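Next come two complexes, and both contain chain A; in the first it sits with chain B, in the second with chain C.
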Partner chain A sequence: MNLERLPNEEKLSLCRKYYLGGFAFLPFLWLVNVVWFFREAFVKPAYTEQLQIKTYVKRSALGLLLWVAVLTTWITIFQHFRAEWGEVGDYLSFTIPLGIP
Partner chain B sequence: QTHIADEGKVKPLSHPRCYSAFLSFAGVSCNSVEKKIYVHLNYTVSCVRLLNATHQIGCQSSLSGNVGVLHVLESEENLDWVLHSGPNPPYMVILESPLFTRSVMMKLKNGSGRVAGVAVVAPNTNPAEGFSPHTTCPNENTGVYSETYEPTMANCNMTVWNPLGNGLSYEEFDFPIFSLKDDNDTQVIRQCYLDHNRAGNGSTPQYPLCAMQLYSHMSAVTDTATCMRRNAINFSLNPEMVCDPLGDQNVWASTRPLNNTAKGHKMWESVVIAAARLDSRSFFFDIAPGAQSGVSGFVTLLAAAHALRNATQEAQPNRTILYTFFQGETFDYIGSSRMVYDMENKQFVVDLDNVHSVLEIGQVGLRADSKLWLHTDPVSRRNESLNVTVDVPGFSQPLPPSSFQRFLRARPIPGVVLEDHQSAYTNKFYESMYDNAENLNVSYPPNLTPEEQLEYITDTARAVTEVATMVARALYRQAGGEESQLSSIKADPQIVTKMLYSFLVRSNNSWFQQLVPSDFTSYLGKPPNFYVGVVQQSSEPTLLVQYLLANLTGSTINITQDNCKNQREDESDKMYNYMWVQGAAPPNSTEREGYCVRSTARLSKALSPAFDLEQYTSKNFSTWTESRWKFIKGRIFLVASHELEMLTLGVGVGVLLSSLLVTYIISSKADILFSSGREPTNATY
Partner chain C sequence: MNASDSDEDFYNERTALVPSENPVVPSYRPDSDLTPENCTPTKVPGVSRRAGPAAPDGGGGSDQEVDADDEELTLKYGAKHVIMLFIPVTLCMVVVVATIKSVSFYTEKTDQQLIYTPFTENTPSVGRRLLNSVLNTIIMISVIVVMTIFLVILYKYRCYKFIHGWLILSSLMLLFWFSFMYLGEVFKTYNLAVDYPTVGVIIWNFGAVGMICIHWKGPLQLQQAYLILISALMALVFIKYLPEWSAWVILGAISVYDLVAVLSPKGPLRMLVETAQERNEPIFPALIYSSAMVWTVGMASPMDAQRSEHGSDEEAEQSGGRGEPERRQPRTFPEDDVEEDSEFIRDQSVRAHQSERRLQQCVCVCVCVCVCVCVCVCVGGVKLGLGDFIFYSVLVGKAAATGGDCNTTLACFVAILIGLCLTLLLLAIFKKALPALPISITFGLVFYFSTDFLVQPFMDNLAAHQFYI
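Take a look at the complex of A and B:
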């Protein structure tokens, strides 16, 4: 979809939908929001809805950073300690590597 | 019983065939590039990973195989090249058998990444000084002697049974260890080393070097509890079995038929158990000739059972003799612990209250000075008086590792273990790949055909026959038979020598062909292997012993094949087991005449109770499991230097980048280069 052809109200409603959708444990929607609307929010000359779009983009970026931090921490801990956790580690895993602890 | 030989062990992909018929039509001959690079090893025998409640033992390779530069080790000092000074680590070490010792292997184990693997060249004759990769104290934690039962005798504090044991089988290695035969293929490997890898006169060997890649990736890890848990996980994306418990089946038969459907205590039944062990092991997987450690014992018992056939049918003694052949005794008494457990839980045809005494036959093949020793348990003998006239080790000595110890753990039953050693083993190759016919001095004069060898009575056979006669008479007397019958009980040396030939040299002979059912004959061609194996895969020796026991203690019955296979005779058929065997062909025809054998020879499950109770960390029962693997193979090839590989990669990347650059330049100047009067159009997407 080419954002150039949309009227500004529709851009705002699209940005809002993606922002609200990301709260359903879907951080990728926030990533898409940030990447897609970055130029609209910060590079383009000002228009009425741009302030709102800017807010949504900033909050999506914040949420995204939070998710990235949490997931990175959890993944690092899990990869490092899965072998030591024994039974719990095995029950948390989808694929258990063969031949190594 | 079907033979699931390849469960979980996928056959390797063969290299793509050349459809040369098509190409030769065009006059072009076909060449496979892979065949030009790699020489595959034909005979791949490796050590595998076994796990128990606390440890993992054996070898492991990486998932994509371990690659190493070949090095034929000349002496123990030459290890310095492999471990410290060699310029091209990691190395794949080829060991001749005199160097396959504990000190060399421990140094290689601590090689910290410079050792990619080991290949041991197995000699054609046994080494002179003895070699036993087993521990010095076999089955020390699952016998009867422990902290609670005479701790002074536990852990071989009094007698070290296997002094030559170096414990290599129970060490853990993180590189693959393969066994090579000393034949032309191995000579190719040695020649490859001499041509390319030999460091001559202080100069370092130049690339390309000869290298070997060994694959033996094992799936299971840590210990039995972990691998059984991973077997049982349901919700993972690809559920995969990683290990299997070791086990098989015990063979048993009785002189008087017992009702097998009524388990538990049998009133008025007093049973003398005559026990022997079936299995053995070695450092490498599926190689277990087990001549002295297993075959000598069970062949003696089979011969004794045959000698007692007439005596126990005509003048029946008071007590029943129960012949039992236990499988899996090498791995913490799998078979005997299971039978004792079944007896305690009323799952077996008799129970422990019915057992009067136990006579076990241990290793009896190598009698130095023709002496035999009766071992007893000094702790349980303190309260009783036994009149023993055969040689007894004069001092108070614990029982050697034997199945009888598991019976003693449950109840103080009187019993003896017959061995040919007074204290330490006389077997110099206990549980190793050298415990073969040569170890027992079973040798035949040259220029005999296989059929003549089958019938030739060797000295070892005569010695074993003497032991069998003595055992049969002792069993008869112990069962309460009359003394007058004793002199007529004699073991047949012809049967003994045929059994020794079949179990030690070749099982595909005319005698065995007559004794087995027709669907079993395809299993007869394999070399003798007494490794217990995993429980899903029944081993051939167990079934062979069952057929033999049926033939030697049972009788031929005249019923149709259909009735025989469905176990139907008359109202007494619950007491017997019926087998249809293929028999011999009469002289003037090629069709074999089968017949039905009626006997009391049966199989009983030999799986450690720890797996039924799901106590995978049990200290009381065997918890041994064997890991699964995808394939085991090896190949040799020439390997280039690291610098050449990096250079090739760099040139390739450079060509890629430069071609991208040229394409970009040309495309940006396209209107100048390819002027054809067309306006370039702008498309928006």
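Take a look at the complex of A and C:
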């Protein structure tokens, strides 16, 4: 899919769909949105839909940062306290490492 | 690169790759323009002066130029294609080899076999083992042939929804279930503690974005990356579950099948490609790796309508009728004194048993992805079927898993790339869909067996005797 060849309305619609899709627990989709539409939103000379695309890209970036913060916090907490949580820690674990924690 | 203003102007697969050149315009000479107007006696020399610079650009050696240009176009066209396909094939093989070398799960001996290869290779006699591997190959190849023919029939009768649905199902399984397994094995190998919520988020994101990129719209590089990862996952499954000798015989047999299916007039793959070209539709994207996007303006809308129509057909054909019952292996549970322990062990083995059964079902569905084993030209680039990626990676992966050391792996890798190069050269000459497996797999097999049995002992002997050549 080459963005260059799409008309501007379709670019906007695609950006919007990616933005809305990211609300389904999909920060990766927001990341793709930011990276893919970054040039369209900030580097290209202005056109009518660019302002809206810019908004979507900014909001996707914001949502992405939020998700990264939440995930990092949760992973840090889990890694640090997993051994102390005992049974709950094991229940939550997908893989349990061998050896003494 | 000069972009021509009109897209329809002489736009085919060759000009799409080679930069178009605007016709050379004779330079503006104000004095030659003015002289004929100012002084009539000098009109003739003025005209001839203007005609002078134009002559080398125009008629003269145009015939020779056209021929030279033609050859140049062919060469540039072929060379660009080679580069465009080397990188993904290399990446796929690198992923497979890296996994094989680091994650021991995929090289562990298992008694569990795919239902397509029911004959076991655990027999002591060589003859029996050879017979079993040949029988396994016959079954596997006939499964693939039946699936391909089913696919072609469904495609011809325009049962696009069915194919579309099946392809979505198989890519769903590959993207979610197989990557979940893969991630689990990687974490176990590196002894990491990971929790279910994190894994859930990772797999959900990976899978969902993959489905969006492959089946809907997404950045081209991301779609290519996902197709490479899917091929690598499928190749890893094959490497794990195909018995040793069966794998090599299957590789040989499938390249012969590829030759027949793509080149013979009634071959299923040839009919598939021709039907797709007649109807001016692309072969479904989940089956084929495209090196460049199709550059037509407003491509998105009509493509989507077409794709949603017949995507399902192709995939469903390839997946075929996968409703066979899974194999059950009887397990005996050791009786322990401690009740809890035996419960725990039973739970673990039941869970392992269930996951293996689920795996069998998934593989049933996903073998469809291997069906497309041809390379063809499209506007803007060249397309290589995912089946080619899978079987190349199976060859290199098996060489890495069972071969002596990295010499064998490297030799196979080089052999496959040479074969791919030659195939693309032939593609540039013949300009129609060609089988991509035969040359590469033949070279790969020859290199593997000769390196493993001839070169390796030779090098070992030289090193042992400290003899450097």
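In the analysis below, the second predicted complex is superposed on the first by the 100 of 101 C-alpha atoms of A that agree within 3 Å, B and C clash if a C-alpha of one lies under 4 Å from a C-alpha of the other, contacts with A are read in each partner's own complex, and residues count from 1 in each chain.
The rule is simple: a contact is a pair of C-beta atoms (placed from the backbone, for glycine too) under 8 Å apart; a residue touches a chain by one contact, two chains touch by 3 or more.
All values derive from a computational prediction rather than experimental measurement.
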Worksheet entry | Comparing the two partners chain B and chain C, which touches a greater set of residues in chain A | C
Discussion item. On the A-aligned overlay, A:L14 touches which partner chain: chain B = first, chain C = second, or both, or neither?
Written reply: second
Item to complete: Return first, second, both or neither, reflecting whether A:I100 touches chain B, chain C, both chains, or no partner chain.
Response: first
Discussion item. A:W36 in the overlay: touching chain B, chain C, both, or neither? Say first, second, both or neither.
Written reply: second
Worksheet item: Touching A:M1, do we find chain B (first), chain C (second), both, or neither?
Response: second
Item to complete: Considering only touches as defined above, state whether A:F28 meets chain B (first), chain C (second), both or neither.
Response: second
Item to complete: State whether A:F78 touches chain B only (first), chain C only (second), both chains, or neither.
Response: second
Worksheet item: Just chain B (first), just chain C (second), both, or neither: which does A:G86 touch?
Response: first
Discussion item. After overlaying the two complexes on chain A, where does the chain B footprint on chain A coincide with the chain C footprint?
Written reply: 2, 93-96, 98-99
Item to complete: Note which residues of chain C are touching chain A in the complex, please.
Response: 184, 187-188, 191-199, 201, 204-206, 208-209, 212, 217-220, 222-223, 293, 295-300
Fill in: Sites on chain A touched by chain B in the complex
2, 86-87, 90-91, 93-96, 98-101
Worksheet item: Tell me, which parts of chain B touch chain A in their complex?
Response: 60, 63, 217-222, 226, 229-230, 233, 236-238, 240, 242, 684
Practice prompt. Provide the residue numbers of chain A that touch chain C in the complex, in ascending order.
Written response: 1-2, 5-7, 10, 14, 21, 24-29, 32, 35-36, 71, 74-75, 78-79, 82, 92-99
